[in-house]
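Letters are used for the chains, namely A, B, C, D and E, taken in the order the chains are written, and counting of residues starts over at 1 for each.
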Amino acid sequence: MSSASPALHPLDPQPAGAPTDMAVHLRDVRRVFSGREVLGGIDLSIPPGEFVALLGHSGTGKTTILRILSGLDRADAGTVQVPTARSVVFQEPRLVPAKRVWQNVVIGHDQNRPARETAIAALREVGLGQHVDAWPKTLSGGEAQRVALARALAVEPDLLLLDEPFASLDALTRMRMHDLVAQLWERHHPAVVLVTHDVDEAIVLADRIIVLNAGRITLDVRVNLSKPRLRTDARFGTLRQRLLDELGVISQPARHD
Amino acid sequence: MSSASPALHPLDPQPAGAPTDMAVHLRDVRRVFSGREVLGGIDLSIPPGEFVALLGHSGTGKTTILRILSGLDRADAGTVQVPTARSVVFQEPRLVPAKRVWQNVVIGHDQNRPARETAIAALREVGLGQHVDAWPKTLSGGEAQRVALARALAVEPDLLLLDEPFASLDALTRMRMHDLVAQLWERHHPAVVLVTHDVDEAIVLADRIIVLNAGRITLDVRVNLSKPRLRTDARFGTLRQRLLDELGVISQPARHD
Amino acid sequence: MTDALATLAEGASVARSRAPAGGRISRSPQLQDLSPGEARSTRWRQASPWQRRATRLLVPVLILAAWQFVSEAGLVSTYVLPPPTAILAAFHELIVTGELQSAIVTSSARALSGLVIGGSLGLALGLFAGLWKLGDDVFDGPMQMLRMVPSIALIPLFIVWFGINETAKIALIITATAFPIYLNTYAGVRGIDNKLIEAGIIFGLDHKKLARRIILPTALPSILVGLRYSAGSSLLALVAAEQINARSGIGYILTIANQNQRVDIIIAGIIVYALLGLALAAFMTFVERLFLPWRTDIVLG
Amino acid sequence: MTDALATLAEGASVARSRAPAGGRISRSPQLQDLSPGEARSTRWRQASPWQRRATRLLVPVLILAAWQFVSEAGLVSTYVLPPPTAILAAFHELIVTGELQSAIVTSSARALSGLVIGGSLGLALGLFAGLWKLGDDVFDGPMQMLRMVPSIALIPLFIVWFGINETAKIALIITATAFPIYLNTYAGVRGIDNKLIEAGIIFGLDHKKLARRIILPTALPSILVGLRYSAGSSLLALVAAEQINARSGIGYILTIANQNQRVDIIIAGIIVYALLGLALAAFMTFVERLFLPWRTDIVLG
Amino acid sequence: QDAKPKPKLIVGTQDAGFPHIADASGAYKDAPYEVEWAVLPGPAAQFPALYSKSVDIGWLGDTSLILEQAKSTTPWTPDTAPLRIVAGWRNFDPQFRQLVTVVRNSADVKSLADLRGKKWAFNYGGINHLQYVLSLVKAGLQESDIEPVQLGDGFQAAAAFNAGRTEVYSGDFVRVKELVDKGEARILLNGDDLGIPGLTVYATRQDVLQDPERKKQLADFLERGRKLWAWYDANLPAVAKIYVDKVKYTPEKAEAQAGRNKSQFVPIDAKLLKEEQNIADVLFERGFIKNKVDVNAGFSGDYNVFTIGGAAAQ
């Protein structure tokens, strides 16, 4: 990665012993909801610029981790250290119904003419140039998701958190969005945490894949394949199989190419 | 299909010329939103008990068709005839935040003790036996989606409309849900329309696959494969390729097994 | 959307008949025709705008008819409830002397100034108390107390504090209008979905921008209900305010008529208030359409 | 959730400093420590319950102090604003004679009966007008008119219609309470997300069940705001209602004190009202907690 | 043996203490009908209660009925008047002035003419207003010659004057008494100077006056009323105590109130009618009422024999 050791945050003195060269540093992070331990001791360090995919069954705590990383939720115990500049695509679109689509995209900017231009450019990139002035309620599911994506990509974060951002997109649109995220990552190398249920997607995009199971990390592998990653590559197939096994999916014949 | 010719609805006299042996009958259905024609003449007949998958890019009008079939939206022109007993899994969970999970599942039933038992059984089937008394806001994305599924399956419709019901589920949970839907279909053969972005899922589950493009049906194929359908089957691959071509997806090497 | 929901009524009324019963293997589905333009059971939502306008008039006209009947039949002494014709004469008197016209102008000016100040106050405090615990702790108590003070009881105090001119009148109107907006703003803010606020914070909105871009627009429907209420209160507060050294105004006319036992004028005044209420309702509906273009109505039939 | 949002304040205040500037290729991210239990800037939300309670008392105590000062400095004639000590004496008098106690009992009974009837009426009409165009057409107009009638102006009419006993008093309270609940129910119903209604209809809910299972629970926060308002109005309406042949009650005490120029008692009465307002607010908060367990509050600090 | 319930005579009052005084006096204790008091402050409540037969006898100020009569489009006659005054009473003790016009010493008003241009607080309607209007007449001024400050009730008017917001005040004396006692203000005119009868009256409906049974009750009620005033006169401390105990007067004010309300019936005779007619005429000339009023229609002298006794009846 091309990033230097990050400067200390002036307001938050570095806790003793925390590594300063990591963008994300979680140590023994726990989270309990109404008596149930949802996260049971997560250790995770992500260097600046690394692209991490997070896999796991429904309800294992993926969103909970993302909420803690984003600062929207506070761990019950442990150490949490993240970059100040974060951006999130939530699991739901979370658009303000009272604001037009373009205003939603630049919700954090000064809302003047140039902001509108920025928004239009971002919306074009996600294929929604026609819906600039629409109300969020009139969007289709996939359109709303893409607006949320455009909003997250219109800023330049050091940590980009993506919670199933492509879940309701068709194959073609999904591939376009993959390219978009890859481009953004090329441009200024944020650390990325991508939650997905699509193992192939994880392998194609990520430097490193983590599997979460019942609130603990049960697998943490590096993806040592050169890009573009081809599904025909034998190592692709092996990795996929390893991940599917970890997730407990009974091998489907078609997956063994 | 094992269904006999359906009885006429006493309140709605059959329009002349409409076939009486179909569960769903759409003829030249059009829908315009703020001047833009979203559906431009849809013709579609589904016999009772047929399982139809609906593919198409984001924003092509899949949800719009489902809304018209469900009766939630009215076409601007054309003929629409559907069974009286319909059930829907919406693209969003649509749970009543003020009602506990189990009450949401049996929202349409008399809410007494047996209803609670029904709800618990349905929730166990979707793997949420632990969340019976939770509030919807505390559910994870996939959990909420499964509650919506449980709610739709707890009634016995003649037409089941599923709008991307498995979008935010991991592979394992998704396979379990496939089984569940298949079981329900075995039990009393409703006509099903499933919107999905997963071509494999469409082939595995459906009798017939329809591709929608810019508000028109551009492909309508029958899936003549015996069940269980194996992805290794050459005809599976051919059909998948045909569908991906229709959807404009540039072939990924891995997809050619 | 309104239409969409209107069509539902039928679907629902039939769907209800579906029995969630046992495990038949095959069934012949009952069909339903949802084609557009089909002759459907006539429902109110299909009434023409004229029909609807007529209905809106129906109740007032019925009341008027009953009133004239009661008066003519001598069921109620005309001293207590003069017949509509007498009210008409009272209106005539008020209009010929120009009193009514000038009263409406004067009173509207008073009500509006009070409403603007009181409304802004209520809005600011409502946002503050709704969003910050400190604001809640400091202001909610006093607001809950303030709203319970009968404004009539405040008049002598306000005369001493604010004198006998416009200030005292407007101060009274302010106390009457601040609270409804406060309460509805507070509730509107508390009712906003967390998720939107979270998104706003993530995308770098500070508190001020959060309030302007997310909280205010999203709580606006509730705030407008408060405004609806406050606008009414501002007019009603005139009855108290215009007891203070006033020589014109709707409240003044009412007070004087009350002291003169001019029931005809009192009723004329009540009718003026009622019409102002209708005008206000129409205006607020217009405002809501204007400021809430993103809202879709649900109407069952 | 409250805590979750409270933690946000920090994240936001820092995130804001992020510049959405040009295309640097690499950067060293500024880091932020979000570990639990860290010493953070002291914020109001971290104040102890005792601190918060103290703040709640602060404003009333300040007012009291200012008042005593104004009285002692002779800035305001004791005719108009007797010192707190005089009010205390008035309270003593009212309590020793048992008047206050019996007034609260009598008045509460009146207010409550009016509130129950008026509230039910407002709720029913609000649901009806909110959900059906027919209801809207028939009832919204009259309700918008009715709410503008100053209750003082209704007294003579109500004496004729309902006599000079309890009926007339309670009728007055009903008119004062029906409207706020109506308005808030109407708005609450209109504000419900279509999507929920659609789901309800699909799953076979008829209108009655739709109202009971989806609309009422979802509009409840708004309805409870209306109830808050109505409960206050019911008490305020006592001032008008208890002018009609009353022998006891809080409104009666106020009216009589007004006629006797017992400013100390008037102010004592106002304080009783203010305290009732606080009690009401506390009760409504309790009711909201009870009936809206699914709601999560947002609080910024 | 008393199987049949006694008939009821419902009497309105505007003085919340009066029912207690009536009880204490025992004047109505063994009446062949039951007296029920209804406290209805202000003519706005008394009139509808009378018209709707919620009360049989109403309690008004004498000018209230003049205003009521002036409203009628068809002129009242003794036979058609819906309501008639059957008795009136007032206090004659000069020590207990009721109506006054008071000026602040700082206003430097030496003669009535000096009232020109002054800020003058009063409240509209009723007897206080009459004091204001007749003061103007006496000073030879029009309303446009002064700065009138019109307020909602007498208490507000007094508050404005006491707070120094106006220089002149017309209305009830007790409300400004403290300022006068302190020497900061003085009385310029009182009600008697202006020929204001200042009566409180009982008024009843024609149907009562025409029902022989009811008439008998009315006569008896008024006769017992005379006894009540006699008891009142002899028991001022007891009355004051009632005002303190039952309606929350301060002891000093209760004493003043008891003294001030000490009254006797006044015959409804030519002299009174002349004064009343004069007031009606001034109100008409000054435009406060729209129709000329003949006060004979609203006043009935038929019950003088019961209120005053045989001696005064002719």
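Note that contacts are C-beta pairs under 8 Å (C-beta built on N, C-alpha and C of every residue); 3 or more make two chains touch, one makes a residue touch a chain.
What you are looking at is a predicted structure, and each value in this text was computed from that prediction instead of being measured.
S.K.: Under the touch criterion given at the top, what is the topological distance in steps from chain A to chain D?
M.R.: 1
S.K.: Which neighbours do chain B and chain E have in common?
M.R.: Touching chain B as well as chain E, we find C, D.
S.K.: What is the chain whose Cα centre is as far as it gets from that of chain B?
M.R.: Chain centre farthest from chain B's centre: E.
S.K.: Please compute the C-alpha centroid of chain A, do the same for chain C, then give the distance between them in whole Å.
M.R.: Distance between chain centres: 46 Å.
S.K.: Take the average of all CA coordinates in chain B, do the same for chain C, and state the distance between these two points in whole angstrom.
M.R.: Roughly 44 Å, centre to centre.
S.K.: I'd like the Å distance between the centres of chain A and chain E, where a centre is the mean of that chain's Cα atoms.
M.R.: Here chain A and chain E have centroids separated by 84 Å.
S.K.: Which positions in chain D are in touch with at least two other chains?
M.R.: Those would be 4, 8, 11, 15, 18, 77, 80, 156-157, 160, 198, 201-202, 204-205, 258, 296.
S.K.: Give the residues of chain B touching no fewer than two other chains, as numbers and ranges.
M.R.: In chain B, 70-72, 86, 92, 108, 155 touch at least two other chains.
S.K.: Spell out, as numbers or ranges, the residues of chain E touching 2 or more other chains.
M.R.: Chain E, residues with two or more chain partners: 44, 47-48, 51-52, 153, 155, 159, 163.
S.K.: How do the chains pair up in terms of touching? List each pair.
M.R.: Chain pairs that touch: A-B, A-C, A-D, B-C, B-D, C-D, C-E, D-E.
S.K.: If we count contacts the way the header does, which residues on chain C are in touch with chain A in the complex?
M.R.: 195-196, 198-205, 209, 213-214, 217-218, 220, 292-294, 296
S.K.: Can you check the complex and tell me which residues of chain E touch chain D?
M.R.: So the residues of chain E touching chain D come out as 16, 38-42, 44-45, 47-49, 51-52, 54-55, 153, 155, 158-159, 162-163, 174-175, 178, 245, 247-250, 253.
S.K.: Show me the residue ranges of chain D that touch chain A in the complex, using the header's touch definition.
M.R.: Of all residues in chain D, those touching chain A are 3-4, 7-8, 10-11, 14-15, 17-18, 20-21, 23-38.
S.K.: Which chain C residues qualify as touching chain E in the complex?
M.R.: 76-77, 79-80, 155-156, 159-160, 163-164, 240, 243-247, 255-256, 258-262
S.K.: Touching chain C in the complex: which residues of chain D?
M.R.: 1, 4-5, 8-9, 11-13, 15-16, 18, 44-45, 47, 52, 55-56, 58-60, 63, 76-77, 80-81, 131-134, 136-142, 144-150, 152-153, 156-157, 160, 180, 183-184, 187, 189-192, 194, 197-198, 201-202, 204-207, 210, 221-222, 225, 228-229, 232, 235-236, 239, 254, 258, 263, 266, 269-270, 273-278, 280-281, 295-301
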